[in-house]
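Two complexes, one shared chain (chain A), two partners (chain B, chain C).
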Partner chain A sequence: MFHWLEKNPFFFAVGVFLVIAYAGIVTILPDFMESARPVTGTKPYTVLELAGRHVYIKDSCNACHSQLIRPFKSETDRYGMYSLSGEYAYDRPFLWGSKRTGPDLMRVGNYRTTDWHEYHMLDPISVVPGSIMPAYKHMFKNNADIETAYAEALTVKKVFNVPYDQADMPQLGTYDESKKAVMEQAAAIVADMKSTEVKEAFKRGEIKEIVALIAYLNSLK
Partner chain B sequence: MQAKDALNYDYSVAKCFTYAAILFGIVGMLIGVVIAYQMAFPELNYLAGEYGTYSRLRPLHTSGVIFGFLLSGIFATWYYVGQRVLKVSMAESPFLMIVGKLHFWLYMILMTIAVVNLFMGIGTSKEYAELEWPLDILVVVVWVLWGFSIFGLVGIRREKTLYISMWYYIATFLGVAMLYLFNNMEVPTYFVAGMGKWYHSVSMYAGSNDAMVQWWYGHNAVAFVFTVPIIAMIYYFLPKESGQPVFSYKLSLLSFWGLMFVYLWAGGHHLIYSTVPDWVQTMGSIFSIVLILPSWGSAINMLLTMKGQWGQLKENPLVKFMVFASTFYMLSTLEGPIQSIKSVNALAHFTDWIPGHVHDGTLGWVGFMTMAALYHMAPRMYKRELYSKKLMESQFWIQTTGIVMYFSSMWIAGITQGMMWRATDQFGNLAYSFIDTVTVLIPYYALRATGGLLYLIGFFMFTYNMYKTMTASKAIESEPQNASPMAA
Partner chain C sequence: MNWLNDNVNALALLGAAAILILSIGVSLKYIKQMKTDKSTGELTKENWDGIGEYKNALPIGWALSFVGTIVWALWYFLAGYPLASYNKIGEYNEEVKSYNAQFEKKFANPDQATLMSMGEGVFLVQCAPCHGVTGDGMNGKAANFAKWGNEEAIVASILNGAKGSSYPLGEMPSGLLDAESAKAVAAYVMQEVSSVKKSKNPALVESGRALWATCAACHGEDGKGMDGSAPDLSTYGTAKFVANVLNMGKKGTIGNMPQFNDGRLTNIQKTAVGTYVSSLAK
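This part shows the complex of A and B:
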């Protein structure tokens, strides 16, 4: 049988493909719908938080920090309630990470504050002696990309029916309306920060990456 | 196989990819050594401002070695092995020559843009699939060109039966095509919303589903880039270099189809104790154990090919590289399944034991086999003997020392870290704060980085040896049958 197959590249290739494709179908499809369902109370990210999430991705925070609390006492003691599938329903992409060089951040919003993050990103050792995390000073210089974040929110609303603009959910509206909400959320964070650079820029209407990132980190609960 | 027959194989594309493999090998491994030292000495994060932090460089290291060094190595060996096992020269078909060259140049353009993008932080965050949609499309084009090359050459072949290596090259092509397409399904946001960055996209899958698709991809990128094509190489180069016939056809058959069927199920072992369904985790765990069978099948087949010929290890460093590679393949494919057992995974997941495992596979198995293959090809492509056997011997021992330092330090680091995370005092409170579990690892990080540095030094020795072989070595008149000629 196999001698025959080895002389027929076409059927050989079809055979290989069937054998390798099979597992993906059986493991991924059956629970696809159920895994996509949100837990009650889970909300999509606001535009500012989404912009912060983009900063998180841009600087690969997920290379060292996980966002997945496993159901062990040692983990729930350290990081809080273990993760539920539905809590990730609006995470595109997922950011579980595969390595904990630094601690898990799934619920970091519960126990860290805006000013803690500000000090930490400027100089990690100042708040965590012995830390091997690099400082991210450029986040205080670069502007956050609000337009792309809005574009992404609008895209997931239109394409995947993510419940923006519904009762008790983040409101998108037009870009201008959205920009207003972003500025409001950012103002609260900037008020808690010390950096004059960030404050000055905000007065000019600029939102630095660090502001968006902190909005995102504070939303992780 | 009859030598000195009329066929003149065309190695122009194989040579191009050989240069690319050396270039990206240096870049990828150098960045790897830098980020490894950054973990021990954090001040090294500030050498290049925003573009030099660990987090920016890490995707460059992984993509650089996987898709730069290794993929080039795979393509180089394909453009060499393909012609020979199919008994047809690429030069017989002008079309295939054009496809081959286009394949190379598009690949180089793609890699150049990818490097720039990753430095800038443009990416999707998915491990080993970081590129944004415009580059994803270019990847598909490059891959399809490779497909044309494979099936084009198969179409005009003289040897009707496909040799074992061909099975594995075809499987690499199909496997990566399927995985890459489904994992990179994304919606470009600009075309829906009409604003923002044009190259930005959002994943088609969310949360647990996204994780499942990603690790179905991520794990099997390991399968179809780190394993399948390397087996293609060893099935050709070890018998050829040693002059020994493959030990068992039946074993190669069993291992091939076994590997094809089992590997794809094992992705779930990256998601044990996560929020994907329990049965998926259990399946991932069980199939990872089953995976020992086909993996060891190939490795044992290769070791038994050397039966009664172990003396060659003393005489021929290339055989030594390859035998060592299959031994490391066995180690790595035993270690992986052990880490997939749920209770072990609870300890090992998220720790340094995982990169340790990855690197004994990649440095020992993948790196050694690829370099041995390129060494074997050089005298045949450049019609010169290999420049220095002595250099090759020292390279072997320096790199082997590097690998052992790497994985032993990471084993200790990983298990220490895992134990400290879960340690409690007599009242049941956590015994250590997180930072305690970081600072304790710094000596091991330094040791690991130095192991990596030794491997990189060995790679420079390989580069020098190859360069001298191409330019300054003694010419040979006829193609060597088996053992590659080398100057002392």
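This part shows the complex of A and C:
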């Protein structure tokens, strides 16, 4: 019956692929279209949060912290509601992480605050005795890269149609308009912080990495 | 040889021996057959470098069970056990539901010791990151519970003001009363208004009552906060007062406390945390 197939390596390979891929296709496709859409209420990151996200990636926070809460009671008790795939719609790249040396951060904005993050980044042991997380003092010295964050936001808006500049969504506008919005968001965070170094830098118009990172962490809800 | 007394070991050895004997027997049979058998029959057209293939019809039983398996697989996949019949979120919901039912049954009427140990457990996970493992606020990073929920705390609140609880009547300004009057009002609140019903300065209670009018403007004549317009001081020093802070969060002078009303804590757990935190006050 299939002798013709045995003599045609190409079609044989196609047949093998279809047979093997079948299980994957029937489990993935039906759900994929629906669940990959943004969950209602999910918004793209503001420029300051994106800058903080870059700091998060640069300092490899995702090497020790996951951002994915699995649907188990033990996890939702500690971290909150389990993650939905639509919540990652605007994460480029996603930062699920693969190992929890530290706790999950998917919804850290719900239960940690600006001042706590400040103490923690400066000296983790001061708030979490026995923590093995290193201190990230350089975040209080280096400036956040707002230009790159704006460029990224503008790019994903144009290339992937990420809904910036729409009603109830973060506004980008021109770089100057965006910079103004960034300064506004940063001002609220700096006001909640204690570090005089960061506060004085902000008065000079500089936004330190820690401010952007806290904006990002507070946005994780 | 002790291990031979074990049934499983004996069975495994027996099985291994049976497999060995069967394999040897079958091999010998086929080796003998290969020596004497001659192949006959019609060859197919195909020929692979001199190796041919006989035209053999499929044995009918084998062919039927092969087709039957395919039919069964399709039925099993589409109707017998459809994909939708298992869902990890569904399993999660079941898990949570049964856990919650068990939890509420087990802790329907918790006694003081149960509340204290449950409260300490929750405290160490949810509160300790800011308030410290001992509840001391870690050098002013958060409220120090040893100095919270007691008479001195009321004096401090009156002198320094209190803010960040988002009550309709707004924040309590500092310096409403001088230090002496504050002490008197604190004594009055502790003995007459709050659930503690005991003051460290009973002598000052009466003069505190006279000064209460300043506070009554927001907290009401009875100190119950006029239906949620201001904090209800009648619950001061109890678990209920703490549970209220957990629900509302607080953006105070020290820092910002998040709300704990997203379902992570049950009402029983909130009461437990309140009981534990109140017990830390000195």
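Note that in this section the second predicted complex is superposed on the first by the 185 of 221 C-alpha atoms of A that agree within 3 Å, B and C clash if a C-alpha of one lies under 4 Å from a C-alpha of the other, contacts with A are read in each partner's own complex, and residues count from 1 in each chain.
In the analysis below, a contact is a pair of C-beta atoms (placed from the backbone, for glycine too) under 8 Å apart; a residue touches a chain by one contact, two chains touch by 3 or more.
Quick caveat, the model's predicted, so the values are computed rather than measured.
After overlaying the two complexes on the shared chain, residue contacts for A:Pro93 are found with chain B alone; chain C is out of touch. Look at A:Asn110: by the touch rule set out above, it reaches chain C but stays clear of chain B. After overlaying the two complexes on the shared chain, residue contacts for A:Phe72 are found with chain B and with chain C alike.
In the superposed model, A:Gly80 makes contact with chain C only, not with chain B. By the document's definition of touching, of the two partners only chain C reaches A:Asp192; chain B does not. Once the two complexes are overlaid on the shared chain, A:Tyr119 sits against chain C while remaining clear of chain B.
By the touch criterion stated above, A:Lys58 is placed in contact with chain B alone, chain C being left untouched. For chain A, the partner with contacts to more residues, out of chain B and chain C, is B. Once chain A of one complex is fitted onto chain A of the other, the partner contacts of A:Gly173 are absent, as it touches neither chain B nor chain C.
Residue overlap on chain A between the chain B contacts of one complex and the chain C contacts of the other covers 3, 27, 71-72, 77-78, 128-129. Interface of chain C with chain A (complex): residues 44, 46, 77, 83, 88-89, 91-92, 95-96, 99, 125-126, 129-130, 133, 138, 141, 254-258, 260, 262-264. The part of chain A that touches chain B in the complex is made up of residues 2-3, 6-7, 9, 12-13, 16-17, 19-24, 27-28, 31-32, 35-36, 57-64, 66, 68, 70-72, 74-75, 77-78, 83-103, 128-136, 138, 142, 145, 147-152, 154-156, 158-160, 175. Across the complex, chain C is touched by residues 3, 26-27, 30, 71-73, 76-78, 80-82, 110-116, 119, 126-129, 192 of chain A. Only residues 38-39, 42, 45-46, 49-50, 53-56, 58-59, 121-127, 151, 154, 160-162, 167, 170-171, 174-175, 178, 182, 187, 189-190, 192-197, 200, 202-203, 205-214, 216, 253, 257, 260-261, 263-265, 267-268, 270, 273-277, 280, 283, 346, 349-352, 354-355, 421-422, 424, 429-430, 434-435, 438-439, 442 of chain B touch chain A when the two sit together in their complex.
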